[in-house]
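I have a structure I would like to understand better, so I am pasting it below and will then ask my questions one at a time.
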Amino acid sequence: MKLRTGLLPQPVMTLLITFLWVVIVSRFTLGSLVMGALVGLAVPLLVRAFWVDRPVMRRPLLALGLLARVLGDIVVANIEVARLVLGPTARLRPTWLDLPLELESPYVATILCSIVSLTPGTVSVDIDMAGRRARIHALNAPDPEAAIATIKRRYEAPLKEIFRC
Amino acid sequence: MELLLALGVGLLTGCGVWLVLASRTFAVILGLTLIGYAVNLLIFFGGRIGAKAPPLALPGATGLADPLPQALVLTAIVIGFGMVAYFVALALRGVGDSGSDAVDLPAAAPDREEGP
Amino acid sequence: MLTGFVLPLALGLVGLAMGLNLFRLLKGPALEDRILALDTLTINAIALVMLAGIALGTKAYFEAALILAMMGFVGTVALAKYRLGGDIIE
Amino acid sequence: MPPSFLPLIVLLPFLAMPLLLLADRLGRRTVALVAGAAMLGGLGLLAALAAPVLAGEALVLWRPWLSDWGLDLSFRLDGLGLLFTLLIDGIGALIVLYAYYYMGEDDRLTRFLMTLLAFAGGMLGVVLAENLLLMLLFWEVTSLTSFLLIAYKWQYHDSRIAARMALAVTGGGGLALLAGLLMLGHIAGSFELSVILDRGDLIRQHRLYEPMLVLVLLGAFTKSAQVPFHFWLPNAMAAPTPVSAYLHSATMVKAGVFLLARLYPALANTELWFLLVTGTGAVTLLLGAYLALLKHDFKGLLAYSTISHLGLITMLFGLDTPMSAVAAVFHIINHAVFKASLFMVAGVIDKQCGSRDMRRINGLARYMPVTAVLGIVAAGAMAGVPFLNGFLSKEMFFQETIAYPGFTGYGTFLLPAIATLAGILSVAYSARFVHDVFFNGEPVDLPKTPGPPPRFMRLPMEVLVAIVVIVGVAPQVSVGWLLKAAAGAVLLGDLPPIKLAVWHGFNLPLVMSIVALGGGLFYYWSRDRVFTLHERYALDFSSPVAFERAYNGAAASARRALAVLDRRQLAQYLGLFLGLGVAGGAYAWGSAPASSAGAPLAGPLPLTPVDPVSAFAFVLLAIGVGGATWFVRQRLLAIIFMSVAGLVVSMAFIRFAAPDLALTQLSVELATIMLMLLALRFLPQTGPAERSRNGRFAGALLAAGAGLGAAAVTFAMLTRPFATISGYHIANAKPLGGGTNVVNVILVDFRGFDTLGEIAVLAMAALGVHAMLHGVRLRAFVANAEADADRYPIMLRMLMQPMLPLALAVATYIFLRGHNLPGGGFIAGLIAAIAYVLQYMAGGFAFASARVRLDFVALIGAGIVIAALTGVASMLFGFPFLKSAYTYLPAPPLDDIGLASSLVFDSGIFLVVVGTILLVLTELGRIEVKDATADGGSSEGLPRPATAVQG
Amino acid sequence: MTHLPILPFLIPFAAAGILLLLTGKGPAVTRGVSLLAAGLGLAASLALHLAVSSGEVLVYRLGNWPAPFGIVFVADRLAGLMVLLLFALALPALLAASRGTDIRGRHFHALFQFQLAGIAGAFLTGDLFNLFVCFEILLIASYALLVHAGGLERTRAGLAYVALNLVGSSLFLVGLGLLYGTMGTLNLADLAFELPHVAPDDVPLVRVALMLVSLVFLLKAAVLPMAFWLPHTYAAATAPVAALFAIMTKVGVIALLRLAAVALPESPAGALLLQPWLPVLALLTIALGTAAALAARRLAVVAASLVLVSSGTLLFAVADGREAATAAILYYLPHTTLVTAGLFLLAGAIGAARGELGDRLARGPAIPGARRLGLAFAVLALAVSGMPPLSGFLGKLMLMQGAGSGPWQVAWWAVLLVSGLATALVLARTASLLFWEPREPARGPVAAGATVSPALLLLVLASPALTLAAPAVAGYAGAAAGQLHARIPYMVAVMGSGPDIARERRP
Amino acid sequence: MPVSPADLLVSLLLLVGSGFALVGSIGLARLPDFMTRLHGPTKATTLGVGAIVIADMVHTSVTTGRLSLQELAISLFLFITAPVSAHVLAKAALASQARRAAGRSSD
């Protein structure tokens, strides 16, 4: 805990940057790793002040699972979107969905909405943290209730679990 | 291809010139930007086209593009940005001073009796 | 090399996509449509750059594609924010 | 070799000027004494040098100065110079004495005498210069000091204008003279008089003789108030009377005739000389004399009389016989003496009566008898009354008109007739001066009751009138020696026998004199008729009003012309420049020498086939550019189309293997768009009227020309091969510059100095924006969001948090790898800056600036200093500025990052770029909005654009 | 090796950076640093001047890269003269600004120092693209200095000035791009070696490039038809800035002179490039400047118009192209620069003394300290109108003899002389209005001790000094002209014995 | 003609990628209103480019014989930013619809 406020304010970010560095330089050597780690340590320190309202990830493994699910859903969603786009547009039933949020952290809510935007025919348009709801536009949702329920089940629940919020 | 590129430069130049001759700052800014594109392309083409690789002197690399015009264009782009930034601020200052975004000089003072 | 045959096809598809973006750009009708068209055009341009990299067998354009992705995004946000409030900073 | 103190005669008055300032504290008398001493001192020096000169020698002192340009500090004292020095210093001393009494207590005598001394110095320089250009220099000094002296009473409108008028005429003449003398020097091959005077024949035969003569004469005639340049002189009478007496009778106006005398051996003896000089002199002689009578102001009368007498002298020089030249020199002396005394008399009268109007001044013989006698005697000399000096030279003049050999038949009578007529007129105006002032009843309505002047004020007049009489009675004894020396100098020693005597027997000139005397008195007696006629018909071109009107007219014309030429429109300025660019380019191409004539536009290289992607890109570019141009009034739309064009340009950079350029173009374009968006909000949607139809047509034409021109040169260039030095850069980037990205090595090493300049430009742009937008408040023309909450969408705010470190990591990568791969300090700086700007956009100004906590100006300064210090560091090792050095770190643990000094340089660049972008964008973003109350979140109160444009 | 050639650039450049770091430290500190830098710059340029006066061409290879691959600074007599003039002008301008105008806006001193660096670089650089960069430095500094202290007049004048110069920079780049695209080099000396060997078919394109570059120099020099911006711009600037601007037109003139004298001779690409038309434009520019002075309603506008006159004068002599013409302008140039600068400062002093009326040419209130200001005016007026005995007269004498030949002679003399006379009359009239007309009480705030400041005094004394030192200055000018027109010493100093370097054929 | 598995994979990814890119753009072009048009680019184009990026990655790794992952950074970036772009654009569209409804508009 002390590290978070001291030399390592964002351990996840540090890891991410180190990974990103090694990926970008595409040179899998100790040197690259050290260099990436240095950057990963330095940059979060530099921008610490911008880091507000960031919940802590409690279940990293679960997060990986969610990531895999989302990636899969993205592919599926795109096939679905392709069908809608290429099909007759008159049959589309665009709808607005009001998604009640159980998440308390706006950050986690944002992650949820991002996932929503990337997956089945939905785009997040508004997050209202005071009213605890998100406004979502669905390209074709004949059954809004079902769509909302799917989102809550597939994404919100795991997120709640991961961040414990 | 050469003709196409030349026409591209000409198009940018022509439209840029047309725009800078307007009476308002926004059009002038736009025109200057387009002229900037044209100029940068022209300098760049000074190194000719048809290079096989970017000017990275890696071992075994051949057919590198001419690096010198690229360096010149880089300098020109950055300087051009500074200039346009200044011009934009100046335009705003002009709006602040007169409420108008005209680029012309204020009218001359009327002829006045100045005594012998 | 199969890739050699597929590449022009992929280029054509991406080109076609960009042509459609162009159509939306010209048609509008709302400014948001045009901003969206520009954003999509930029993303397709990333595809184009990657394809060019494959075709030319060089990695020299990686940075360009990366910057294209970053700058395209920031540009879209800036334009949208202008539409949202007229003030993109404050 | 003459004594080196010859120039001292010229310098003396100038040297005395500061002494006058010192003397000022000791009172007027001391001032006048110092000034007088300067004049008399000159005479003393002259006396020391006189003996050989009177024997006919010319003393020349040559001192090289600007020899390459013909201007040397050489002086010459010969008979002519001696005569004039005598006049200038002698009469000058008397004038100082006179002025001491004439100038009132409140008239700042010191200033007056200082200017007078400067004038005297200039005049002495003219007459003693050996070098023609030096003479010209002094010539202009007299014009300028005369300007100051005429404007001495600057409180008066007439003085000011008269001064400028005199400057216009004599200054203009001086310039003509300059041209003429330059030609003369060119013809003669030297500017030294000794050389020039010897080369008269060569000069007269030169093809440039005629224009040169005209120019020189213009100088002489303007200075000597010859018709038609005479009008400045009467107006110059606005000057204090000592000035009139000195400059406008004795000295300055004589500079013109001096010049005729000085250059006589080199220029005279041609038909053109005769025609111009005699003709001008004759007309001036008659017109001056005629007008003199008509002046009610007695100073005006004297002024016109002076013009007339100068005409007489000029005419004599024109006659081109040795004896006429002698007569001219003689009249110079005589006129100077009697006219100076007459002006002094006039000054006394003016001062004692408070008026110069002869219609009011009458019968002064009773109020100031001594002065009256002096005036009458001097006026007699002016009229040519026997036993006075004027008579003698006038007789000689008559004699010369008779003796002139150039005319035959009836023409023989022409010159004598003119002379006699002039004689009649001069008698008439002299009679008027004497009769109308000293007699003719009682004064009418004078401001003051006239009385005699102070005793010593009369002294100068008495001296001069004494000379008038002495010369008139005993000419040979009194001035024979001087005349001989002076005329000898004019004629280069080739003197005819001169016999000055009062009585030459009863001859034709005497008859002419008698006719003149009688006719003149008759003419004066019937003057009223002439006055009436003159007032009815004469036109007056010469008044100050006319001059001022002419000047103001010229200024007004200049203004009108400028208003037509300079429309004060940016489009005009740009149009003219670009038009010249197009025309100049076409000219340059078309005017190539014959060896390249017919060079084709297309060079020898084969054309590359067009690929579909490039063709498509061209269409995209055309749409982007065309859209931006077409939708320029729908500004956001125009920006969107412009981005398309920019995208194509960066794609082109990629297509033609320039990744660094693509990176830079993309980042800079984004920064530009943000800049425009920030500004757009404050730019009014409606503005000034668009250009006129014609303007738009011209604009279209120019745009087409520029576009075609640019396309043509691009095509010509692309189709030609060339040889470049850049092979060196490619070959040496790695071994000598330590990097594989040649572009980056050029930027930070080979041509690092360019880059240093470039960041200076960026820095200054930011500083300029910072300085300029300080305290600016603007009206926002674009509506704000409906609710404040919506201004910073949560998703944006949240996602920006991870974006910042990720972007900075990318920036670090781009920065560190830039020396070897595309990237470098610039692009890294742009990325980092934009990452920060994103924070401003997402979280708002207050949120971000509270966290950035950077002084952007200091950041820029640090960048500049770091970059410069990198360069200076190499100087410490004995290398030139900006010499780079590099080394590679051992591979582990830090990869193989080359640690080049250029990396430090690049970090300076990085800092400047970050500082600049942030400073500029935040300065634009934080502009205070006017009407804050109306703006506060509610959209209803916002100012509405006059005409909304549908997006 | 000597670092002298870089110092006139480096000192102000570093000072600018330091001044940025000192932002907010108060006027005493910034003024001190700025004045110190200008003084050091003056000392350095004096040393450089002395070093080159022997005739040696000092070549400074930036980054130790050989020409033409790297950038070189080349100090010959001409550069030595111009750099010395620059700092001789900068010091008074800075002194004048330090009397208060510098704190009427931000960053004055940093911008001023950058401007000095840019101008010095433009005089010294031997590389054409680097010349562009130096131009940009001096231009953007001038943009910012121009609008320093604000106001609509300044802003709009600034807009026109900036836009025009931005287009000018674009044209410059086009010219440089074409030049590189044909000659493959950017170094002036290298160019001079290569130009005679251009293939006949490429000559027209090279000519276009050289023409465009020349036109940009002419824009900076404000020749007709690109002259109208100048009076508005210069008259809008604060007096010390306008005084410094007096040397900016000369940057264009000198650049053109160098290009014309070093690169263009002996090459079909340079033949008859300027000669037939530039003299006409130059003479028309003198006429325009004279008319503008006649039409002017402010003293600063008169001064600015006279800058046009001097530009036209210099350019005519440049177009003339003979050594004597160059010798003449190299004497005339320092004179006209310092004197017009003095007129700008004087206009500022008079303006400050007359309250609301400023330097407008209208009857106005009595000027406190009129006598000294009047004397200063007299000296400057004499000098600027070419009246004896001051340097203006000597300059005119040289110009008339040195430049113009054949059919041009008459027009040249006529324009020069008439312009001089008209100038004298305008200034006489101006003196009359400012110092002699009936007085009214002043309105608005009036400077307490409107007097001849040390800065103004320095500039007023310039012309007398140039007169007294005429043989020395003219001798130096003649030597500089000789060195410039000899060409080869310059080219060899930069490039070594010859340009036999490896060139890569492209494409 | 020999077809290696990598070659096949790359070709497949290229086709899929460019196909999705096209689909996204078709959606942008043909769907009836802004909100529906927003869906295509947000998902399909992002995925399409992602596929092409992976194709590049595989291709480069195979041809150079060294694992090349840097292209992943682009995908990562696109996936992070696409929802945000869509979000702010949707907001902007709604805001300007509201403005139009209120009878005000601006460029």
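To keep things simple, chains are lettered A, B, C, D, E and F as they appear, and every chain counts its residues starting from 1.
As a working rule, a residue touches a chain if its C-beta (ideal position, glycine included) is under 8 Å from a C-beta of that chain, and two chains touch if they have at least 3 such contacts.
Please read these numbers as outputs of a predicted model, since none were measured by experiment.
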| item | value |
| --- | --- |
| Most remote chain, CA-based centroid, reference being chain D | A |
| Chain closest to the assembly centre - both centres taken as Cα means | E |
| Between A-D and B-E, the pair joined by more C-beta contacts | B-E |
| Whole-Å gap between the CA centroids of chain D and chain E | 17 |
| Centroid spacing, where centroids are CA-atom means, of chain C and chain F in whole angstrom | 8 |
| Centroid spacing, where centroids are CA-atom means, of chain A and chain C in whole angstrom | 23 |
| Whole-Å gap separating chain B and chain F, where each centre is the average of the chain's CA atoms | 32 |
| Shared interface positions of chain F, touching two or more other chains | 24, 26, 38, 40, 46, 68, 70, 73, 77, 80-81, 83-84, 87-88, 91, 95-96, 106-107 |
| Shared-contact residues (touching 2 or more other chains) in chain B | 20, 25, 28, 38, 40, 42, 44-51, 53-54, 56, 66, 68, 75, 79-80, 82-84, 86, 90-91, 93, 102-106 |
| Residues of chain E touching at least two other chains | 129, 133, 136, 140, 143-144, 147, 150, 159-160, 163, 167, 174, 178, 180-181, 232, 437, 506-507 |
| Residues on chain A engaged by chain D in the complex (per definition of touch) | 10, 13, 16-17, 20-21, 24-25, 27, 29-32, 34-35, 39-40, 43-44, 46-47, 49-54, 106-107, 109-110, 113-114, 124, 126-127, 129 |
| Residues on chain D engaged by chain A in the complex (per definition of touch) | 793-795, 797-802, 804-806, 808-810, 812-813, 817, 839, 843, 848, 850-851, 853, 891-897 |
| Footprint of chain C on chain F - complex, ascending | 1, 3, 7-8, 10-11, 14-15, 17-19, 21-22, 24-26, 28-29, 34, 37-38, 40-41, 45-46, 48-49, 52-53, 55-56, 59-60, 63, 68, 70-71, 73-74, 77-78, 81, 84-85, 88-89, 91-93, 95-96, 106-107 |
| Chain D contact footprint on chain B (complex, rising order) | 1-15, 17-30, 33-34, 37-38, 40-42, 44-58, 64-68, 70-71, 73-75, 77-86, 88-93, 95-96, 99-108, 111, 116 |
| Residue ranges of chain D in contact with chain C within the complex | 612-613, 616, 619-620, 623, 627, 636-637, 639-641, 643-644, 647, 650-651, 654-655, 657, 659, 662-663, 666-667, 669-670, 673-674, 677-678, 680-681, 780, 782-785, 790-791, 796, 807, 810, 814, 821-823, 827, 831, 834, 837-838, 840-842, 844-846, 921-922, 924-926, 951 |
